[in-house]
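Right after this note come the structures.
Shared between the two complexes below is chain A, which has chain B as its partner in the first and chain C in the second.
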Partner chain A sequence: MKNLLLGHRRLIGFIVLAVFFALVPLWVDSPYYIDLLIVLMINAVLAMTFVMLLRTGLISLCVAAFWGIGAYSSAVLSLKAGLSFWACLPLSTIITAVAALIIGYVIIRNAGFTFVIMTTVLAMLFVTVVGNIQWLGAYNGISNIPAPDPIDLGALGSIVFDSKVDFFYLGLILFVIVILVINAFYASWAGRAWNAIGLNPRLAQSMGVNVFRYRLMSFVVGCAIAGLMGSFYAHYQTFIIPTAFNLFPKTIYIQVFAVLGGVGYATLGPIVGAGLLSLFNELFSGFEEYSIIIVGVLVLVVVVFLPRGLLSLGEIPARIRDWRSRPGGGGGSSTKVAREPDTPPGEAAGSGSP
Partner chain B sequence: MSVIMQLAFDGLTIGLIYVILAAGLVLILSVTEIFFVAYGQFYMWGAYITWYVVDRFQLNYFAGLAVAIVATLVFGLAGYLLIFMRMQRMENRFLITITGALGISLILAQAVLVVFGTQPKSIPGVFTGAFDVGGVHIEVKKLALIGMGILVTLALFWIYERTRVGRAMRAVALNADVAALYGINPRFVYLLTMGIGCALAGLAGGLLAPAYNLSSGMGNNVIASVLLMTMLGGMDSLLGAVVGGLIVGQILSFGQYYTGQMSVVYLFLFIGLVIYFRPNGLLGHRTDMGV
Partner chain C sequence: MISRTTPDTKDILRVDDVSKHFGGLIAVDHLSFEVRESEILGIIGPNGAGKSTVLGVISGFYPATRGRVFFEGRDITGLKSHQIVQLGIGRQFQSSTLFMSLSVLDNVFYGFHLSYRTAVWKRLLRWPSALREERELKARGEEILRRMGLEPVKNEITKNLPHGHQRILGVCIALATNPKLLLLDEPMTGMNQTEIATMLDLVRGIRDSGMTIAMIEHNMTAVMNLCDRIVVIDHGQKIAEGLPKEIQDNEQVIEAYLGKDELLLDG
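Up next is the complex of A and B:
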């Protein structure tokens, strides 16, 4: 029994977290905080896609741009083509994936500085391009995006999306699905290939991993997830403006969420980072224009002193134990063997997600 | 015909400012291998400090320029000593240094609003007057910018190619560990490069201040163009920065006139095409930088 519990620690932690989130609206009735939580989930997912690309050695600063492509395609499909949200959601995901495939095919040729620069410029271009197309509402954006159609449950009545709590549950379901999908990818052959590329692209290539193809795959998957969240965001917010998807500050914040929590923790890191930063925004909202400066200083402090993220604080006891057992001779290796069953298969170095 | 000449002249003026900016960024990128996104903010601070000294203390423009250069130099040195020096030996330094630079960028961009306010600023021109040559309207202040741009670029090339410091920079850019074996202190070279790069950004901002208006978004606006230039010319080539800056200056000048704001899109498509066929840029050599 004990072994069973330990073996599925990640899964149990995940279920507990999901249930905890699902129960939040029972004791939080202020729409303001529900809104904060919805935004937090969107931000956490975007940061997760950033981490996903990072696994393959790609630092993408255009996560927000693909989020915006998802939001805009969904808004256009529902307003100009009259489709329902339930059709827009998958369609906009596919549109974003196709866009990512085309763009990624050109810019993933070499990683490193070139890729970062290309994505930086793409992120800025998105705002300029959308802001100059009258058909997309230019800089005024698109408003009056309809809420999702009610779901008819037959005898049980129907779910109508008219309050923030309904959107919260919809967002939570998407959030859980996205986390499961991301973890399924990490556990699959593709995820291992990504990790191998992240560790050493040339070595991975010599082992028969097609580096370009797997990088492109992670780019497309990550951007498609961002597009899915964009569609949800557009229908939740009911209006979108191009500057919301800009590099400054949106993508910067996404990267900051990931790095604050710790990029080694694929799912928990972004959640912790996004949660912490929105908490700080609440705490420092009284300082008004100084709050961004405080956030910047916080980022620098964490990055300089805890480069592996805040969650790496949790590793300190284990490290001390390792360090203590080392002079004993062979003690270090025996503890490692003892801890082996805890890590499920598919878990590669440093990915301690829930 | 005169329109084309006029556009070429304006493109040359802004292109030489871009050359200074791109050269500073190329130095930072190739020697320290830090993806320094905060670079645009240093340019903005250079312009604002020049404005502040000239406007508040009623000092000479050149005094303002000198203060701007010194201040951005000190910012750059402090940034390296406090933040980047600790990061360069870390395992995932590429990501960590980018995040650090983004943090600096957030702080500096917001600090400009807090310190100087949101109103657009301008300072009285130092060089006034204009004359026409063959239908081209040539303003003396733009001519002065061109002169300064050429002077600074030549000085930079002299430092980089002819002096011991420049040789140390090139050695560290090639391989920091081997350079250390030959008695060069890489950390000192990194520090120096960071200082020089940031001072160049401040200088470019200060030079621009009397000719154009200052706004709090100028740092963010310029960084995309500067990054594109370094990529076009090659990220480890100073000559590439010059070529990239001049080409981008012309494209933006003509593009703004004929297509308005969409000119950035055409610029991006053009550079994407160049990068697709020459991944290292026109004059660059290295592909694996930063990874």
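Up next is the complex of A and C:
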């Protein structure tokens, strides 16, 4: 019952946020700020896919590379094969998913440190390989990627993608769908299996979770979502260059978004993290070279003092209540079995820390 | 206690000439024994005798170096741990291996992984059958907690539980996988007398509900009280097997224990 209410509260919060986003173009008419919001949505989704993999205990440093696979396959399909954006979007998502399946099948067997190194190599390899293929425009990239074809609404006219606001709404629709899909995954037994693997792979195995298969599943789902955003990005930007999909700074920033918001908050954390950093870059837009230092300091401060991210600030009142109620009666927990005097101190005191 | 095991009872698990080497270390050495249907088998032995390794081999966490393991007549040697759980061997871990940051009920709920039948996309669309399945499993989880006496603390965060409750929760998670054979690795370690008495009742209750249990335990009083049969392991080899009474009088067993630690037999 409590969970049900909580679920509704989250859903209401989500709807309010989506409506708020949808209304932004009504009072913001500067294309510059609309562009910032579109980039924010893309960044937030990429950070969500990073968190998704992190949940299963995998640290992927090639999020941006799969984003790039989506962008490049969409650009090629539309320019070389002459397909419409509406065909490119699902096709490039599928291509990215297949690529993730093949690559993941090879590299996920060695989880842990090896996986981190493998994904780092992959991220660098993507840029070098694409940058040296003339057919893909080498380091000059691909330009003149066409905008989506107009949607014909019959008597109501048609939606033409000729301004940033149109792309903003298209991006917002994708954004909402992706968040719903990600949250549905987490709510399903697949998401619980991911969570179980991340929390304790041995215990997950003893529950019958096929660790390799579920890690591969999260890798494919996460990369496919990144590929979808890549396709949208390519057609929005109209040009792509390989270095945009590099490990540094793109993937590193993606992690920063996730960590700033809090990796425990699968969808809201990345939105808050990406939003905050965009805001920061705006505030310090005059002096670029200092902004990166300030961002670095901010990340350090958050990691040290709020290891569970900025959103964990919201949990402090509940924690204080919890802490206050405990010394007086222990919440009635030790009724049947007497409390063990030598409980490991780390376990007992763990929740009292900030 | 009257032993439930008669000579013609079916073997549910057979460990056949199993060895396990870790590099040059021989943890288990040509070990053979069987677990009979609906008995409580105790596996005892001095520290470092290889008892936990045996459970690890049975449940697929370590591949056996030599020998075979049969479960219900089927060769399960070399299967992965998640496949072995699927066949019906549940296990509890020696240390408190739990999802410490989750609630007690969620720990059990996660354990139902194998019980899900509906496809993920149905859950994505909030299909009624998927939601119903989830409600049913949640109810089953509460039922397990009720049976094991953890219902009053079902919404507590696991790391805040006292040690005794955590051990019981480990058993609850194993029960959620719906096993036919339950492997317990020192379920009573670090417990006080009251907690041990509770655990004894719970384990008996589980057996009476039709499950077979094989357990490692150091507490001799508990083992002698609870187990129908006992296998004694020392240096990876079986040195004795029989009813608790026979084991207590077995000279080789007394030697194995007294040679190392006199206090253990006092319980």
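The criterion applied here is as follows: the second predicted complex is superposed on the first by the 322 of 354 C-alpha atoms of A that agree within 3 Å, B and C clash if a C-alpha of one lies under 4 Å from a C-alpha of the other, contacts with A are read in each partner's own complex, and residues count from 1 in each chain.
Note that in this section a residue touches a chain if its C-beta (ideal position, glycine included) is under 8 Å from a C-beta of that chain, and two chains touch if they have at least 3 such contacts.
Because the structure is predicted, anything quoted here is derived from the model rather than measured.
Colleague: Check the residue A:188 against both partner chains and state whether it touches chain B (first), chain C (second), both, or neither.
Modeller: Only chain C; A:188 stays clear of chain B.
Colleague: Return first, second, both or neither, reflecting whether A:159 touches chain B, chain C, both chains, or no partner chain.
Modeller: In the superposition, A:159 touches no partner, neither chain B nor chain C.
Colleague: Contact-wise, after the overlay, does A:203 reach chain B, chain C, both or neither (first, second, both, neither)?
Modeller: After superposition on chain A, A:203 lies in contact with chain C alone.
Colleague: In the superposed arrangement, does A:290 touch chain B (first), chain C (second), both or neither?
Modeller: first
Colleague: Touch test for A:211: chain B only (first), chain C only (second), both, or neither?
Modeller: Only chain C; A:211 stays clear of chain B.
Colleague: Regarding the shared-chain residue A:83, is it in contact with chain B (first), chain C (second), both, or neither?
Modeller: neither
Colleague: Check chain A for residues that touch chain B in one structure and chain C in the other, and list them.
Modeller: none
Colleague: What residues on chain B touch chain A, complex-wise?
Modeller: 29, 35, 37, 82-83, 86-87, 90, 92, 94-96, 98-100, 102-107, 109-111, 113-114, 220, 223-224, 227-228, 230-231, 235, 260-262, 264-265, 268, 272, 275-276, 279, 287-291
Colleague: Across the complex, what residues on chain A touch chain B?
Modeller: 54, 57, 59, 106-107, 109-114, 116-118, 120-122, 124-125, 128-129, 131-132, 201, 247-249, 252, 255-256, 259, 263, 289-290, 292-293, 295-297, 299-300, 303-304, 307
Colleague: Quick one: in the complex, what on chain C touches chain A?
Modeller: 59, 61, 80-82, 85-86, 90-91, 93, 97-102, 109-114, 116, 120, 123-126, 130, 149, 152-153, 156-157, 159-165, 168, 173-174, 176-177, 190-192, 194-195, 198
Colleague: Looking at the complex, which residues from chain A come into contact with chain C?
Modeller: Within the complex, chain A touches chain C at residues 181, 184-185, 187-190, 192-193, 195-196, 199-200, 202-211, 326, 331-340, 342-343, 347-348, 350-351.
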